[in-house]
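Following this line, the structures themselves.
Two complexes come next, and they have one chain in common, chain A, joined by chain B in the first and chain C in the second.
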Partner chain A sequence: MANIQEKIAKLFPEAAFEEADTLTVTIPDAQWHELAKTLRDDAEMAFDYLVTIVGMDWKDSLGCIYYLDSTTHNTHIAVKVIATGDRETPYIHSVSDLYAIGCIYEREVYDFFGIIFIGNPDMRRLFLSIDWKGFPLRKDYDMNPDINPVPHENERQSDYTYTYVEDADGKIVKEEKRVFAEDDFVVNIGPQHPATHGVLRFRTAVDGETIKKIDVYMGYIHRGVEKICEMDTYPQTLHFMDRLDYFSAHPYHHCLCMCIEKAAGIEVPRRAQVIRVIMDELSRIASHCLFIGTFCMDLGATTMLFYTLRVREQILDIMDKTCGARMTFNYETIGGVIADLDPDFVKDVKALLEILPKNIKEYNKLFTGNVITRNRMEGVGVLSRKDAISWAITGPSGRASGWACDVRKTAPYAVYDEVEFDEIVRTEGDSMARFKVRMDEMEQSARIIAQLIDKIPDGEIQAKVPKVLRLPQGRWYQTVEGCRGAFGIYIESDGGTSPYRLKIAPPCLPLAAVVDHLTEGSKIADLITIGGSLDYIVPDMDR
Partner chain B sequence: MPYDAWKDNEYIEKLVKELRDSGTNVIIGSLDHLINWGRSNSIWPLTFATSCCGIEFVSLGAARFDMARFGWEVARASPRQADFIMVAGTIVHRMAPVLRRLYDQLAEPKYVIACGGCAISGGPFRKSYHVAMGIEDIIPVDVFVPGCPPRPEAMIYGIMQLSRKIKVEKFFGGVNRQEKQEKFLESHPIEGIDDNK
Partner chain C sequence: MQDFSELTAFIHSLLTQFLPEWAAVTVECVIIAVCLLLAYSLLALFYIWFERKVCAAFQCRLGPNRVGPWGLLQSIADMFKILIKELISLKHTDKFLFALAPYLVILASMLSFAVLPWGNGLQIIDFNIGIFFLIACSSIGVLGILLAGWSSNNKFTLIGALRSGAQMVSYELSIGLSILTMVAFAGSMSIGDIVNAQANGWFIFTGHIPAVIAFVIYLIAGTAETNRGPFDLPEAESELTAGYHTEYSGIHFGFFYLAEYLNLFIVSGVAALMFFGGWMPFHINGWDSFNQVMDYIPSVIWFIGKAIALSFVIIWFKWTFPRLRIDQLLSLEWKYLLPINLANLVLMVCCIVYGWHF
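== the complex of A and B ==
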């Protein structure tokens, strides 16, 4: 990292450095776009993956922290940019021309903080409706429900979007343009539609049956988790993780716990570490099972749901015995896990491992080789490796495009560095590949569990944690491999008992954002295949 | 399920008494019984899920909990073909008008089950700026099923309660239900829309 710092310091004398959890560069807004270009294009740095943009309100100023990863060197960097202009109209230059996912991430920051990104082609609100008053994640936001009451009328809709550009004198000009072309035929799909896997809405411009453009509307399940977390103490924030991506409840919980443990310097007992990993992998199998079931159901093969839910129910039973719930477990705590394993746990898991290969074989026999399946999935929605990185498509969907992005391999946490497993990577990048990656990942998860299940060490399950937990001042970022991709948690603490800012970087937001890019030029029926194969969970992207 | 095992017999008895007080015609009363027997054993849900509770609803449809035993398995994607909405999940500001519209699209007689803490009161998200504090402000509710998410068994119990309610209703004339709805619409007016037209 030292030579990267030197190099940046040489090129950008204004840059200030800060060695925190990640190397953080602070740069004035005027140089930011140039720095981003250098970071991305320089062969030695090659930060080509924009992990997340954390909007920040430091009370006296607004700004963003960009987390960037290099897929070639496996290095991380954070860039802090403070917005220029006053609190009414803060500006930052957009990087949406460098990173495809930047456009959606910047819209999210605009929605929550009101920071305007110069050059972003689509500066609309993302989660909240156009009539919403105020920017909710600002510290001075008025939460009074009378200002923004529950609407009873249908939402107002606009066909126009805005772009802010700098003219020759450096003045910022607002430009209005249409979302769709004037003579486009626009069909509405969702928010209440069984194939959108929740409440997601697509405005689809079609030419006959061919899709020309999709405008994704999110926010139909935006619950403002990040803002609630700022009002809660650290242990109180944990249970929201279960309710984001409810299939990845264990990995998400694990992530937030690890982030807080890292900040507070808590050492987790080994028994708890192993239990956490086993739970993560069990969730992964259960999640992929449901993916296969619902995906096949979207394509018309309803029976598969019954076959896959059989295994899922068995896993839920195992969890139920230990955690006491079927879905929202609230099992991992800061410093360990909440309760010890059920006496039957090992026996039950072994029974599961025994039947799992037979079941996977059965799924393959029933569905994978089917000629209709292959016709509908092969070559549909092809995503190249370069696009996958630019759109920040992680998880099984990214690995299907040939990008080895498994966090368990790139930045091993808990006991993942001690177990043997293969990272499933395919190169086709189509819907079939995304399906097959998940199928194979179930086997790998079973392999991890098999290695650990006989070797769960004895000992404590919970480290000593102070009753009132305060984190020191600073900021931390932690990633885990959720069931749908890399899930990140950013915590900034001011030394109090609750986070100053808790940012959730969900894997499903890019997955939904990429739908427009993937479906361009394909048929409406393929939209269902592509959406199903990406396997996004709407409460996860909306938070 | 034996009668004593139900938890809310007083409520149903009160409802029955209210209905009986106005008197029942012998012929129409018997026809009511017949129709309601059919209706209560084939209530079709609308496929409507916003979050976690929806997944438990999927489990309910699968082989283990098998809601087909009770005649509820025909989940319809269109509200025009469904009998009730199971509001499974959080309803946020942006979704509220959509839910109201779905409810308006359901054909009479229609029912609503509020499933899970979020739909009942906002649940764990009560402090949020973008969550409706319970769906009762948006549409009238017949049965509440608490839980986060409720277990499939609880959901079965909830829908069975609904079918008990349907059994005692007067179908011909449909007085009870419509009166309740009119009252609700009067107390929750939408600007610019006259519900009586």
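== the complex of A and C ==
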């Protein structure tokens, strides 16, 4: 990291450095785009993966913290950029030309903080309605319900989007342009649609059966989790993690717990660590089972859903016995887990491990080899490795494109460095590869559980945690491998009992954003295949 | 084997004793219509129950099991529910065409019922162009679907209707050609003649290779013709919500639903007629006592049994295969089925000319 710091200091004398959780570079906005370009293109640094953009309101100023990763060197860096201009119209230069995912991340920051990104081609709100007044994550936001009443009429829609560009004199000009061409035949796929897996809307311009352009419209399940978390104490924030990816809540919970434990310096007992990993992997199997079922159902093979749900049911029953719930487990807690394992746990899990290979074989027999299946999935929605990184497509979908991005391998946490498992990577990048990666990952998860299930150590399940938990001043970023991709939590603390800023970096937002890129020129039916194979989940992206 | 024509002749003579000829014919028409409607609705109810049970078995479930023994009354309860549902009328639709569409669909399947050989002598009308009439009737159905999709003024229904149009027009070719192959073999278009020609062996056995090929193609095309999975693109629920009947409610929706099942029966019925001897019992040359036992089973049961057995195969397709994409669907027809079909027709003609058949 030291030589990166030297190099940046040489090229950008204005840059200030700060060694926190990750090396943080502070740079004025004027040089930010140049720095981003250097960071991405320099072979020694090669920060080609934009993890997330954390919008910040430091009360006296607004700004962003960009988290960048290098996929070749496995290094991390954070860049802090403070917005120029006044509080009414703060500006930062966009990096959407360097990182494809930047466009949607910047829209999110704009939506919550009102920071305008110069050069972003699509500067609309992302989650909130276009008539929303104020920017909710600003510290001076007025939460009075009279300002933004619950609408009783249809939400106003706009066919236009905006771009802010700098003209020759450095003045910022707002340009208006159409989202779709004037005579496009636009079909609304969603928000109530069987194949969008939640309340998501694809405004799809079609020419006959061929898709011309898709405008992803989200925010129907936006609950402002990040804002609520700022008002809660740390233990209270945990509950919202179950409501993001509700199909597999354990890894998300795990992530926030780890982030808080890291910040507070809490050592988690080994028993709890092992239990957490087993739970994560059980979640992964359950989640992939559901993926296979719903994906096949999207393709018209309804029968598969029932076959996969049988296994999922069995896992949920195991969860039910130990956690007392089937979906919103609320099991991991700061310093460990909330309750000890059920006496039957080991027996039940072993029974599951026994039937799992048989079931996977059955799925392959019924579905994977089928000629219609192969025609529908092979070569559909091909995502190259470069695009996958640029669009920040992590998880099984990224690994299907040949990007070894498994956080369990790149930055092992809990006891993942002690177990043996293979990272499934495929190179085809099509829907079939995404499907097969998940199939194979179930086997690997089973392998991890099999190694741990007999070796759950005795001892405490929870570390001693102060009744009133205060984190020291600072900021922390923690990533885990969720079932759908890398899930990150950013916490900034001012020393109080609740986070100053808690940012959730969900894996599903990029997954939904990339749909337009993948579907261009394909058929309507391919949109369903591609959407299904990406396996996004709407509450996770909307938060 | 009992001959139903004796029964019908008896009814006719009975009626003419009291009534003039024209009145007798009118009364007979009414009786036939009532019987047909009854058979129609009973079959539909049975099929809905049957599909649910079969589908449940494939999916490791029980299926309907609460209403009546083995859930038999479930479909009657559902039918009642559909009857009392509100017909939602939409703004900005073509009211007349919107209401007409379901009737056209149901009319098409109703007309096809007229020429099916229900049993020995139990056929409403035996044209010399019976098969031709059947194909012509089933083509009216696509008109209803197109109308439904167009008049609903909804983008999903429109796409569904267009898909359906492309699909049905394409697959009608395959159906027509595979039927033509069998008509060439039978040497007649009259349904009565076709059935009688199979008295000593069903066509699928006597016509061997070309007949089997024609049967496979017919089954594929027939599945496509009825808009059932894996060819259910016009109503692909994960893509187009419900396709062309998205906007329909109440009994109008019920008509589409009914017609789908009845078309399933008609397609299987025609397959039974063309390849499995219609109402003809299963006979093996030389096994006289076996043949006699087979003769004791009523012809109506033979026909309906064969049709249901074939329907089971089509239902089996639906609950096993994923759905095709529109371009794959069309290339399957135009690039594979159609050339195979044409070659098969030539093969069949050769078989007939050189007498290479049983």
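Simple rule for what comes next: the second predicted complex is superposed on the first by the 543 of 543 C-alpha atoms of A that agree within 3 Å, B and C clash if a C-alpha of one lies under 4 Å from a C-alpha of the other, contacts with A are read in each partner's own complex, and residues count from 1 in each chain.
The definition used in the following text is that a residue touches a chain if its C-beta (ideal position, glycine included) is under 8 Å from a C-beta of that chain, and two chains touch if they have at least 3 such contacts.
Since this is a predicted model, take the numbers as computed values, not measurements.
S.K.: After aligning the two structures on chain A, examine chain B and chain C and state clash or fit.
M.R.: Chain B/chain C on chain A - fit side by side.
S.K.: If you count the residues of chain A that each partner touches, which comes out higher, chain B or chain C?
M.R.: Counting contacted residues of chain A, the larger count belongs to B.
S.K.: Counting only touches as set out at the top, which of chain B and chain C does A:Ile318 meet: first, second, both, neither?
M.R.: After superposing on A, A:Ile318 lies clear of both chain B and chain C.
S.K.: Mind computing the angle chain B to chain A to chain C from the CA centres, in steps of 10 degrees?
M.R.: Spelled out: centre of chain A as vertex, angle of 50 degrees.
S.K.: When the two structures are overlaid on chain A, which partner does A:Arg310 contact: first (chain B), second (chain C), both, or neither?
M.R.: both
S.K.: Have a look at where A:Val187 lands relative to chain B and chain C in the superposition and call it first, second, both or neither.
M.R.: In the superposition, A:Val187 contacts chain C only.
S.K.: Looking at A:Cys296 after the superposition, I want to know if it touches chain B, chain C, both of them or none. Which is it: first, second, both, neither?
M.R.: In the superposition, A:Cys296 touches chain C alone.
S.K.: For A:Ser129, decide between first (touching chain B), second (touching chain C), both and neither.
M.R.: Touch partner of A:Ser129: chain B, not chain C.
S.K.: Taking the superposition on A as described, I'd like to know which of chain B and chain C A:Met327 touches: first, second, both or neither.
M.R.: A:Met327: touches chain B, not chain C.
S.K.: In the overlay, answer first, second, both or neither for which of chain B and chain C A:Ala505 touches.
M.R.: neither
S.K.: What is the contact status of A:Ile528 with respect to chain B (first) and chain C (second): first, second, both, or neither?
M.R.: second
S.K.: In Å, how small is the closest CA gap from chain B to chain C once the two complexes are overlaid?
M.R.: Least C-alpha distance after superposition: 5 Å.
S.K.: Which parts of chain A are touched by chain B and by chain C alike?
M.R.: Common to the two interfaces on chain A: residues 193-194, 305-306, 310.
S.K.: Can you list the residues on chain A that touch chain C in the complex?
M.R.: Counting only chain A, the residues touching chain C are 185, 187-188, 193-195, 206, 208-209, 296-303, 305-307, 310, 366-367, 370, 372-373, 375-376, 523-528.
S.K.: Going by the contact rule set out above, which residues of chain B touch chain A in the complex?
M.R.: 47-52, 54-56, 58-59, 62-64, 77, 79, 89-90, 92-98, 100-102, 124-125, 127-132, 137-138, 148-149, 151, 188, 190-192
S.K.: In the complex formed with chain B, which residues of chain A make contact?
M.R.: Result: residues 127-129, 136, 141, 143, 145, 148, 150-155, 191-194, 198-199, 219-225, 227-228, 231, 239-240, 243, 246-247, 290, 294, 305-306, 309-310, 312-313, 326-328, 538-539 of chain A touch chain B.
S.K.: Note which residues of chain C are touching chain A in the complex, please.
M.R.: 55, 58-61, 155-156, 159, 162-163, 229-230, 232-233, 236-241, 319-328
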